Amino acid sequence: MNTTAQILQKKKNTILETWMQHQLSDATLRDDLMTNDELLKQSEELLGSLLKALSSGNYENIYASEYEQVTDLLGDISIMRARQGFSPRETTLYVLSLKKALCDTLEEEYKDQPEVLYREVMQLNQLLDNLSLVTVETFIKGREEVILRQTDEISEISTPVIRVWDGILALPIIGTLDSARTQVVMENLLQEIVNTGSSIAILDISGVPAVDSLVAQHLIKTVSATRLMGAECIISGIRAEIAQTIVHLGIDLSNIKTKASLASALHLAFGMLNLEVRRNDRNKSTKLFN
Amino acid sequence: MERIPILKMGPFLLVTIQVDLYDRLALTLENDLISMVSKTGARGVLIDISAVSIVDSFMGRILGNIASMSRIMDAETVVVGMQPAVAITLVELGLTLQGVYTALNVEKGMELLNTKIGLDLAAEEEKDEQEEEAE
Amino acid sequence: MIVMSKDTMQIVREQDVVPFRNRVREFSTKIGMSLVNQTKLITAASELVRNMLKYAGGGKVLLEIISKNTQTGVRLTFTDEGPGIADVQQAMRDGFSTGKSLGLGLPGTKRLVNEFDIKSIVGEGTTVTIIHWKNGR
């Protein structure tokens, strides 16, 4: 065990205290996201494992087995902070304030030996810089996971298949259609066609902000897949500006049944199933009540 | 040699594919079906593929061939029960089975064939009547 | 990228196609791929294996389960010692075919999988590598 590690081990409590002071005095302290007790517990655990790793004499390679516990802990802390809504700055400052606390202690110890102080501080500096890089990386990864999960959730929530009539399904599409989304739309729609034995599906695109040639291609794919299953597909909710762009872009939708509104698509669907919707005769219905 | 059985139901032929087809079996099916159409004078062919999990371009081409050949011999072809995953894959592959009628299940397929043939028969009767009137 | 398990299959006649497809299905089920993505991968594999039989009289396929970052997927490598493809770019265009087919083979296959790579040397053979990730992205 080298001397610096020994000194730090001995001064563990002082370091922890200084570190906590640094953290608590920081203007960006988020006591709304985390209680001070929790912070203390977290910091103590991290410091303990870091000092243990330092006692091996390894100051450079944070991917060595001695540092496994440290990086794991840091990873957990950063991912947790990412989920709790800490900013990257706050998360990095957590590690950087530890650096300050460690250096303060060393300064105290080695004040008579400037060259030793310089060497040791540089070493520690490098080590903690590496650790803070790990923190940032994991933090971003944690955020990315959150985003991915949300993307999945959004694409599932936003594509409900509604059974509007016996044999008729409607699927309102809201938001832009990209290829991943089209996949989900197709899967949901086709599965629902099988489950309900429906022979007509209405795709309502009133909620699609713009239709370019790519979106149109996705729509055509969905219609073709529906037809392969043996059901017919009607596209409704085509607004004036969408009709304009479709024609300007030269997209051919002539093989597809299109309607301006969901109501007229439903009307067409009724016709295809030989159904008729009629207004009740007033006289007859009043007679029922007599 | 292994063969896919072909059932005759009234004016229609019914085929249910229960196994993953390897190429020779598919080609045999094509031959058998077409010779059955010509032998029985069937007016419709119904192919149930609800148990088929993979349709590649070769299988797609066989289905298309059966439909076009039958049409020349005055019989319509309906493919029924395609699985959603298969339909999505075929569309992505660029194969839309042009000229093949599709239906959700055997029952709906039969209905479809009946309307196609029924319209045909009605048109023929009308033509006969007109000819009689002309005489 | 880490290879988690692998297997090789020789494809010499068309009867090998169905067992090969079943093996691909096993691999993709093992990593929990959804039905649609399985179907896409197996169909793509089926197209490539047919090409190999038709143009090169057979070849071999390497099946692997791979892991990269947080993703797992199936990688298939088709190697043949056939005549090779003179103009790969042309072969990748929709509607192009030297054989009597619809010409959907290569471009259609590319659309079915996440990653597609083809290398061909005339007179020596062709290698096609496809990767499909578990979540299809």
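For clarity, chains are labelled A, B and C in written order, and residue numbers in each chain start from 1.
Here is the rule we go by: contacts are C-beta pairs under 8 Å (C-beta built on N, C-alpha and C of every residue); 3 or more make two chains touch, one makes a residue touch a chain.
On a predicted model such as this, the values are computed, not experimentally measured, just so you know.
Across the two candidate interfaces, B-C and A-C, the one carrying more C-beta contacts is B-C.
For chain A, the chain with the farthest CA centroid is B. Centre to centre, using the average C-alpha position, chain A and chain B are separated by 47 Å. Rounded to a whole number, the gap between the C-alpha centres of chain A and chain C is 32 angstrom.
For chain C, residues that reach two or more other chains under the stated contact definition are 36. The residues of chain A that reach two or more other chains are 183, 187, listed in rising order.
Contacts with at least two other chains are made by residues 83-84, 86, 88, 92 of chain B. Within the complex formed with chain A, the residues of chain B that make contact are 79-84, 86-88, 90-92, 96-97, 102-105, 108-109. Put simply, chain A touches chain B in their complex at residues 183, 186-187, 190-191, 193-194, 197, 199, 221, 224-231. Within the complex, the chain B residues that touch chain C are 20, 22-24, 53-58, 60-61, 83-86, 88-89, 92-95. Those residues of chain C lying in contact with chain A across their complex are 36, 136-137.
Only residues 180, 183, 187 of chain A touch chain C when the two sit together in their complex.
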